[in-house]
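Just passing along the structure, written as structure tokens.
Each chain carries a letter (A, B and C) given by its place in the written order, and its residues are counted from 1.
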Amino acid sequence: MKKRRNLILTLAALILFGGFLYYAQHTFNPYILRILNLCAVFTIFAVTFNLIFGYTGQFSLGHAGFAAVGAYVAALLTMSAAQKSANFFLKPIISPLANVEIPFLPALLLAGLFASVVGSLVAWPALRLRGDYLAIATLGFSEIIRILLVNLQPITNGALGLKGIPSYTNLYWSWGAALVCIFIIKSLINTSYGRAMSAIRDDEVAAEALGVSLFKHKMMAFAVSAFFVGVAGALMANLISTIDPKVFLFFLTYQIVGITVMGGMGSLTGSTIAAILYTVFLEALRPIESPFTIGPLNIPGIPGMRMVLFSILLLTVILFYRRGLMGTNEFSWDWLIGLFHRKDTALAAPTGGAEK
Amino acid sequence: MSSRKLFSMLMSLVILASLLVGCQPAAPQAPAAPPTQAPAAQEPAAPAPAEKPAEIVIGVYEPMSGAQAAGGQQTMQGVNLAYEQKKEVLGVPIKMVLVDNRSDKAEAATAMTRLINQEKAIAVVGSYGSSNSMAGGEVSEKAGIPVMGCSPTNPLVTQGKHYYFRACFIDPFQGRVMAKYAVENGIKKVAIIQNISQDYSVGLAAFFKQSWNELTGSMDGIVSETSYQDGDQDFTAQLGAIGDAEAIYAPGYFGDAALLIKQAREMGFKGLFMGSDAWEAPELVSIGGPATEGAVFSSHYSAEAATTPASKPFVEAFQAKYNEVPSAMAALGYDAYMLVIDAIERANSFDPKAIRDAMAATKDFPGVTGSITINENGDAVKDAVVLVVKDGEFKYLSTVKP
Amino acid sequence: MTFDQLLQNLANGISLGALYALIAIGYTMVYGILRLINFAHGDIVMIGAYAAFYGVAMFILPWWISFPLAILLTTGLGMIIERVAYRPLREYPRINLFTSAVAVSFLLENLANVIFGGRPKAFERPAFMNEMITIGNTQVVSYTPFIIITAVVLFGGLLYIVNRTKVGMAMRALSKDIEATGLMGINTDRIILFSFMLGSALAAAGGILWATKFPQINPWMGVMPGLKAFIAAVLGGIGNITGAVIGGFLLGLTEIMVVAFFPSLSGYRDAFAYTILILLLLFRPTGIMGEMQAEKV
């Protein structure tokens, strides 16, 4: 009964959301659209980081590298031959890549696949490490990927970057990918694989003793995560239409970790909310930098002030919402309905992923 | 407890949502806002000066934070000076809006969209860093808003773009200038040290080599080619590999260059240092000290050999305002802003399309960095000068025609 | 490569390594005690350099007042950061501490950008560090021996504090088990604060020496040295002070030698550093000097 009600509600919400996307895509101005698209990209980044760290307990700092792989694969596959030859004016692009041009969907999938393969290759040796050592090794891999992008000019155009990538990304693609990503990760978590992952997070030795294959499950978390990170990277490349290796500095990974922690480790809802808040806040704080007047006071804009305030906000959230905005809670219909019937069921607050 | 937390969280979400809506001036009501939906060509023809708008917005997007903040801040010195001198055009006050692009590509694209869709800029100035400019260029192209770049020298920036122009010359020309200088001064062996993570540096190094090959007929004179990365400050190993080079060509930013020069002299290198326009900042000398004496580099202008009457008053006004010598970036920022104003005046219109056409037709504009003519690619065609550090100051050496 | 060149490269590698080592010690101490990768450490290096710069350039202090003063100020900043941003999170998952460190790092960088400006500033070397010394055919500037000597002296002092004093003993106890140390009647808060003070002081010293060697300071100058020093700390076995020093010298020498021996691969230089790091972690997961830790069940 409850299950059916929830299913109907979920479907209704999806349809409503689809309607909103349709409305937004056709009426909102490009500025708002761009922000909404970035929200989706960062949602994928945060949700995937949550799968690796929040659910499987593997502290990986390789996101920027995986995103770079996805972005470059998609960019090189979707750019027209003419654009490519124009881009590679210092050193020509190697031949098989020069004339490839495929539609967006296969390019997205290939981007994900490539990133997933690279993710698994990185994970294979790195997973022998634990905790912070894993973090350092993956950070190293991510930087190695970036250094390769800078140096392999005939493939990536090096520091010159790529431009004129078709701007295929729109709300349907970005939020479509985000929803698929959330759905698949959510489903994965609720399978026996997911429970094995949580067991590994809670206690590796005990999990292994109980017969859980550490390697298989960690690898699965990495492969799935890297796939979607690659897709998100591809969405980003086709959103801003130009990329270069500097986009994928370890700074990007830090941002993703920050977002995920702000949302709450182990809460996909939290990751989504935090990703949206993060992107929106960065833009909403802009007026601080322009000059404004309060009564007779004329305060000149201080460029750079926005990032100062933003860091303070980030710090405040981390210090005062210590379990993140959502802790390990997930959004669920039961909880939402419980909110309305609060008086009758005073203690019906959810504790943990209750959405079934 | 946790549900209370959730509730407060939801509340903040609501507040945020309203914030977002708040800073979006009635987007849903204006679905047909011309610059957003289609290139501005559809906009009614240029308003006759009779129906003047209350004010017009000129956008500026520059890296004011992040790794390239130094360049953005230098450029803004020039832009701000220009704005102070020219606060209205065609009798309408100008509102200059600066947005920070955080030295980040994704953000540069967003910043440009903000300028166009939120601030309703009719023309844009920026950005330092070709990488940021390329991201903004994709947006402005679609929206049909003209942009005048100050110092993005990567040829890709204006390539295939009808709405992107620049006040500076491009890397191929500058690379050739220095190769020519070296050959003419009897240099036989050159070592190149490039910053491999900067398109600017990689491009210049490549074009220097190309010209060297054309001028001397072989690559034999390039005795070593080494690289460093952003953030590196130790160049001793690269310098150790230069062998018996008589000159070092190190196109890169002035901070790196100053350290490189200092270290090379400390290691006993006696030859010539050659560089590019990004060297032109007072910090080159203050950081590099006496070691920089005699270093030569290509740049955009020299107050001494002023090719246009605008240079001298600019340098004086700049020194009065900031109490320092203007850098090349500041001068280009000044010119880029003035080029936009000039285009609006010649177009006699606030229509972005008309401004774009006027910009494309810019001919012999007397900029402080020289006489500027925009060619069919949207790049400035102008002379380059070769400067030398003498007694801690940049002295004019020669002029090279394009 | 001639022998003279090799000597020259060795001298450069060792002085770069000494700087990495000084900064790496701060990383490793904090990690040893709190298991926190303190990513704000590189930015403390930057603040130290700026404090010394303003002491000399703005308040016209001689360097022997300005430098110690800068170290003192930076130490105070390190204490404030520990008190405000790290202590409240000590009981929480370590990822929170890590994120807090990242946020502090953003804050310091952006504050410096707004207050000091993004343009690099010229750091003035004290005259006695600017002398040329010629040994055979090798030239070094007097800051090179100065940096190495200072690093060795500071390292010796630190070893003395850690191994021979009561505070040091408490610090070592803390790194084994915070809770048990508290039960022994030791004020753990104070000892942790003290470790941060030491770490920040060393970072400030490292920053000032860095600025004398590379006399160009900017708000982002701490990022790369911070990351490199962190790698050095891990190479040596994070949590181990001697290891951090060995790791620092190793990394400094590797960076110089890779470019010196393979100039055409100089674009890949950092990739070498990371590859060595990853290989080392795979074959000796706790670094050169790190202890093998038994898995606690």
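Simple rule for what comes next: contacts are C-beta pairs under 8 Å (C-beta built on N, C-alpha and C of every residue); 3 or more make two chains touch, one makes a residue touch a chain.
These numbers come from a predicted model, not from an experiment.
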In the touch network of chains, how many steps separate subunit B from subunit C on the shortest route? 1
Comparison of A-C and A-B by number of C-beta pairs in contact, larger one: A-B
Calculate how many whole Å lie between the centre of subunit B and the centre of subunit C, each centre taken as the average of the chain's C-alpha atoms. 35
Rounded Å distance between subunit A and subunit B, as computed from the means of their C-alpha atoms: 32
Two-or-more-chain contact residues of subunit C, please, as numbers and ranges. 110, 113, 118, 267, 270
Residues touching two or more other chains, restricted to subunit A: which are they? 147, 150-151, 304, 307
What positions in subunit B touch 2 or more of the other chains? 64-65, 67, 69, 72-73, 196, 229
Tell me, which parts of subunit A touch subunit C in their complex? 53, 59, 125-126, 128-130, 132-133, 135-137, 140-141, 143-144, 147-148, 150-151, 203, 205-206, 250, 254, 257-258, 261-262, 265, 302, 304-305, 307-308, 310-312, 314-315, 318-319, 322-323
Within their complex, subunit A touches subunit B through residues 26-32, 34-35, 38, 83, 86-87, 89-90, 147, 150-151, 158-161, 163-164, 167, 236, 239-247, 273, 277, 280-284, 286-287, 289-290, 301, 303-304, 306-307, 321, 325-327, 329, 335, 339, 349-351
So in the complex, which bits of subunit B are touching subunit C? 64-65, 67, 69-70, 72-74, 196, 224-229, 231-234, 236-238, 240-241, 254-255, 258-259, 262, 266-268, 281, 283, 286-287, 289
Touching subunit A in the complex: which residues of subunit B? 2-3, 5-7, 9, 13, 16, 19-20, 23-24, 27-28, 30-31, 33, 36, 64-67, 69, 72-73, 76, 97-100, 102, 104-107, 109-110, 113-114, 116-118, 131, 134-135, 137-139, 142-143, 154-156, 159-160, 196-199, 201-203, 206, 229-230
What residues on subunit C touch subunit B, complex-wise? 1, 5, 8-9, 12, 16, 110, 113, 117-123, 132, 139-141, 214-216, 218-221, 223-224, 255-260, 263-264, 266-267, 269-270
